[in-house]
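Each chain gets a letter, A, B, C and D, in the order it is written, and its residues are counted from 1.
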Amino acid sequence: MTQKPSAGPVAEVLQGRSRSTQGMFGDWIRSRTPANSWPVVAGFAVFAAMLGLQQLIVPGTQRLLTSVFLFVALAQAWNIIGGYTGYASFGQVAFFGLGAYTVAVLMNNYHVSFWVALPVAVVVGVLFAVVIGVPLLRLRGHYFAIATLGAAEGAREVVNNMTSVTGGGGGITIPTFGSEAPTPYFGKPGFYLAFLVLAAVSVAVAALIARSRFGYAMVAVHEDEDAAGAVGINTTVVKVIAFAVSAAIVACAGAFYAFQQIEFYPTDVFDASFTVLMVIMVVIGGSGSVVGPLAGAVGLELLSQFLRVNLGSFNQLIFGAIIVLVVVFFPQGVVIYLRDAWRTRQFSILDNVRRYRL
Amino acid sequence: MSQFLQAAAYGVVQGGLLGLVAVGFSLVWGIMNVVNFSHGALAVTGAYIAWILNIRFGVDPFLAIPVVAVALFAFGYVLQRGLINLVINAPIFLTLLLTFGLNLVILNGLQLLFTADDRTIDTSYASQSFAIGAVNVPYGRLAACFLALGITVALALMMSRTRLGHAIGATGMDRGAARLMGIRARHIYAVTFGIAAALAGVAGTMIATVGSFNPTTTPGQLTLDAFVISVLGGLGNMYGALVGGLVLGIAESLGGLLLTGTWVNAIAMAVLIITLVIRPSGLIGKAMYGGRVEV
Amino acid sequence: MMQRVSASAMVAMAVVVAAACGGGGTTSGSGSSVTFAAPVSQTGAFGQAEGLYTLQGYKFCVQTLNSKGGISFGGQSHKVNLVTEDDQSVAATSAQIVDQFNDQGDKLILSPYGSAGTTAVAPVVERNGQVMVDSNGADTAIFTHGYKSTFAVLSPSSSYVTSIIDALAGLSPAPKTVAIIAASDGFSQHAAEQGVAEAKAKGISVVPSATAYTSSTKVTANATDVSSALIAIKGTNPDVIIISAHLNEAVAAVKQASELGVKPKDGFAATVAPPTPAFISALGKSSEGVFGSTQWVPEISASDTVFGSAHEFLTNFTNTYGWSAQQYPYQAADAAAGCEALALAIEKAGSADPAAVRTALAGLKADTFYGHIEFDSTGMNTVKPMYVIQIQKSAFVTIYPSSLATKQAIWPAVS
Amino acid sequence: MIAPVEVPSAAVLEVRHLAKRFGGLWALRDVSFSVSEGEILGVIGPNGAGKSTLVNLITGHLRPTTGQVLIGGRDVTGLRPWVIAHDRVARTFQIVKPFRGLTVRENVAIGAMHGNERDRSVRDALTTADELLDLVGIAKHANATPTQLSVADARRLELAKALATRPRLLLIDEVMAGLRHHEIESAVELIHRLRDSGITIVAVEHVMKAIVSVSDRILVLHHGSILALGSPSEVLADPRVIEAYLGHRYLDRRSS
């Protein structure tokens, strides 16, 4: 009764023509369909503009833009695990702190050069992500958020109590003066470049991942893990890798931040408000897209700096009020609102509010 | 040995107070799936109201509780009806951001009104304690512990025995279906948030009576405690907050005895993470509440 | 109208970028005025509290200097212009602000409130060739990195607990045992460390052990629950419990001590907290009799041309900002002294050039309303002593050194 | 019971004494059968008979309480869903589970990318997706989002997504429920074409008419255990099936 498979059209489709078999990385390069390569061009244009801007900036803004670049990198990193994969981590600051302390301990206690300490910091971040990721990524939604928040608070307390190695509550200092500086201090222009490159790399990584096979796997895990498993996606591996990639970027940012700050305490680099700011920037910008977190980071950081400089003791109150208004008027995120509005030509904010109200 | 008993006793009464802080937060989260970042700020608002009543009119904090509860209920009702209802259908983390913005507004508003100094409601009895053998039990925290128990039982009874309770529960389970049954979801959500705000206010009053509070650091600490305890105890069960509070209180108190004081935070987080890994929906929570969320 | 909202959002973004780059306050004028620049905490944990008192101290000093014609050097008198920016009580933001001040040409820096902020700013000042007078950052760690451009007018953290021990040793009956609860931050740990050494020197034993402050009686900085430390002390019944920490821990310790039945035989003492109005408002009656070490008391005899005597400073300051004479924030006095030191150095150097001001500060020896200001090679003012006050009927009463004591200490203080 | 026929090459799917208990309720009790290559096995039974539980146990979405599942002779009991999927086993879900954030075309492409013989690149996967959308007849919705599809089209998307992983065994969980008459016709015709291309199919339905016309053999589940297993005609004639499934009146009318 059983027949040999006939050579009908269906069989031909299902067997699939022989296709190139490079590894996963192979298709990362060819994965972007030529149609939408304008974001790549736009990306390089912005990068070049920022480079040029460095020479002729108004005094006082070099350090401001450096912190904008820092938050662009952090927002993109959070977007990879929170936006694409849908696992909103409240513990990313753990990797930031661990990256910072790895560099500080290596440079201060063991006199290691920054360029050696940086990759070690990234490895430490990734290892911690895998160690806490495997058990915690079984949790979902708010439970995952609170568990990772707990991991971050735990990491801070461990660093806080390892007084002999990390100086604990007394803080730690990276030697940057005279002979005993393992690596000459970059100075303001140096850190401007460092964080600009870090921001560009994190945007590039997010963009590459978005269109790659791995990117689709992350979105599948986000939408429905059972369906993802049914089509052959190893959901555990996808989640842990996304968590580790995000951790790597955040740890790298922490390492540069530590070298820039020179002296800091555990509460500075494990400050939960870093994580909250990352979440706000991604969600208000528009999570699950590349431009969303970018716009969210640049917009919010400039806004908070503007308010801080000009409004003195009212600045945080106004900042809070603005967040409330933006969330109410653009629940799906500003960038996604603009994109949909552009596509459907309906710019009305009121309809947007009505769509989400109870 | 007496140190062990003292630590355990203090852990229990501290746990009761922590349970009181968390019960409102757990209600809002369980029913409306809203993580209320401004829970701590609402509690401190309640504390300031009780403090003013005490300073200006000499009202005892326990007598001020009804006034604080009514004021916070109204404030909570308006917040939900006017603001949070606008984003209920948005992705879950939007309500988190909205309440984060709200927290900044309330927190900075209080700071500008009352300066950032630490305040307390000075009562003759709150910090006194009676001794059973070598163990001292403080009156203030003990009263807060009983209040927490009373409120949790009342809340559980209200949820299971009254029409309002069923309406809240139904709306929490399935908003669409509840509306088909004629339940005015907007009103019910606003009432639920109002109750939670009132509970936060009562907790704030107790915190002010047994300890001190300020508008800048206390709100964040209370919200974090409420978040940890609600998850530890588990959602969807009215007694979850109380159980979570007691477990956390005792763990921190005994932990503080065995290791130095600075390990207390790490212990609390370790207890939380271990519980979640073993029972992903909390000690006595219902599984349904854990997984129904996505960004 | 709504339709245009998103378009205007774009315009707003552009405006924000431009304005944020402008930076607040006026750029430093040349010639006629001298600019003092200070990151201050107007929001966050210190906002509307210690940060506010520091800002008031700086403003009061600049007002007073300008009312006397400003600073005279190079044959002219120059008005002083104070530029401040809110650091949201975040150390990293303080560092960013001082860097931005440098970009705007402001080289004369007054420190933010607190050791954390000052620690973060010190390396920035060093690298930019600015010069900073530290008014409220006492942690000795700041001065161990060989920085040449930071000068602290206030006594270092090492003297906070030692002054209490010395005051206690002078009482009758002098306490034989003390327990020390110390917060985990560097400032509190260093202070406790020196305190234990001083206690040993004065023959006072530390319970439950000399190093307890690093283990069983060590608590997290700014914690509001110190029950674990108190339980560790329970049963050793010390004569005095000393809290080397900040406001939160001191308030929690006093309240929770009665809850846990841990009563010191004679009384409580604490660093930083008791001489601030917030301590009294937080504890009410149970703040009575508590000892506190403070940087400044109005009873000191020194006086100067800017503020006059200590008492004159107190009356003028409290009238300007509405404080009561009995409950004044000593942080404002520290701030005013820091600003005055900078002004004196500029007059001594005869120019506002940071290098000249730095050498002038290094060699400065001045008697002011704040006491004697002189800096050692690392920039610390080890000459000025600390004083100890006791809270009596909700007022700060100076009781140590005895030469300045206005009233006898009520001892034992525990009611 | 019909002993599993030992065919020379191991059966594509073999289930031995499979059982699943949820608390006190036995959803499936001691089920054993095997499916040989190129065969279409229909599985039928009233709601709650354990049909979906059976599918979930085979594809690893549920762990069996007792019993074994063998794919091509290899024991895959208790393995994770994606491991089994890589053994060229694909499935559709009774309640459709599309990736809502993506377009219909991207949904199918994900199957191609991550199925067992992967299309190396996204672009290849997208071209395979287009071909499969043609095959199942929803090519015109390629750029729509799954939520905009009709019930029938959403089921076709599920099918296309499963096919994209190039299965040799396909489990279809109620693809034809709720379809109109002519839609059932085209669905049956499509399933036959899939079988002709070499895919072994287990079709779970509760629409009797659909199952009879598509299956080579039919397995009837009742309260978690096998009531009957045989050719459509045998099963339809079996009094136990009629009595349990179609009720006495149908039995009496037939016999009178």
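As a working rule, a residue touches a chain if its C-beta (ideal position, glycine included) is under 8 Å from a C-beta of that chain, and two chains touch if they have at least 3 such contacts.
Keep in mind that this is a model prediction, so the values were computed, not measured.
K.L.:
Among the remaining chains, which ones contact both chain A and chain B?
P.N.:
Both chain A and chain B are touched by C, going by the contact rule given at the top.
K.L.:
Quick one: point me to the chain whose Cα centre is farthest from that of chain C.
P.N.:
Of all the other chains, the one whose centre lies farthest from chain C is D.
K.L.:
If you average the Cα atoms of chain A and of chain D to get two centres, how far apart are those centres in Å?
P.N.:
The computed centroid separation for chain A versus chain D comes out at 41 Å.
K.L.:
Could you put a whole-Å number on the gap between the CA centroids of chain B and chain C?
P.N.:
Those two chain centres are 35 Å apart.
K.L.:
Per the centroid of Cα atoms for each chain, what is the distance between chain B and chain D, given in Å?
P.N.:
49
K.L.:
Out of chain B, which residues touch more than one other chain, so two or more?
P.N.:
Only 108, 112, 260, 262, 265 qualify.
K.L.:
Could you tell me which residues belong to chain C and also touch two or more other chains?
P.N.:
43-44, 47-48, 184, 214, 220
K.L.:
Got the chain D residues that touch at least 2 other chains?
P.N.:
There are none in chain D.
K.L.:
Name the shape of the chain contact graph, picking from line, ring, star, complete and other.
P.N.:
Here the contact pattern is something else, fitting no line, ring, star or complete shape.
K.L.:
Can you name every chain pair that touches?
P.N.:
Every touching chain pair, ordered by label, is A-B, A-C, A-D, B-C.
K.L.:
State the interface residues of chain C toward chain B in the complex, per the touch definition above.
P.N.:
Listed in rising order, the residues are 43-49, 52, 89, 184, 214-220, 222-229, 231-232, 234-235, 247-248, 251-252, 255-256, 258-261, 277-279, 281-286.
K.L.:
For a test of understanding, state which residues of chain B touch chain A in their complex under the given definition.
P.N.:
Answer in residue numbers: 29, 35, 83, 85-94, 96-98, 100-105, 107-109, 112, 175, 185-186, 189, 224, 227-228, 231, 260, 262-263, 265-266, 268-270, 272-273, 276-277, 280-282, 290-295.
K.L.:
In the complex of these two chains, what residues of chain A are touching chain D?
P.N.:
Interface residues on chain A, with respect to chain D: 1-6, 8, 10-11, 13-16, 19-22, 26-27, 30-31, 33, 211-213, 216-217, 219-220, 222-224, 226-236, 288.
K.L.:
State the interface residues of chain B toward chain C in the complex, per the touch definition above.
P.N.:
The touching residues are 2-3, 6-7, 10, 14, 108, 111-112, 115-120, 122, 127-129, 131, 134, 136, 138, 140-141, 210-212, 214, 216-218, 221, 252-253, 256-257, 260-262, 264-265.
K.L.:
With touch defined as at the start, can you tell me which chain A residues reach chain B in the complex?
P.N.:
Touch residues, chain A against chain B: 82-83, 86, 88, 135-136, 138-143, 146-147, 149-151, 153-154, 156-158, 160-161, 169, 222, 276, 279-280, 283-284, 287, 313-314, 316-317, 319-324, 327-328, 331-332, 353, 355-358.
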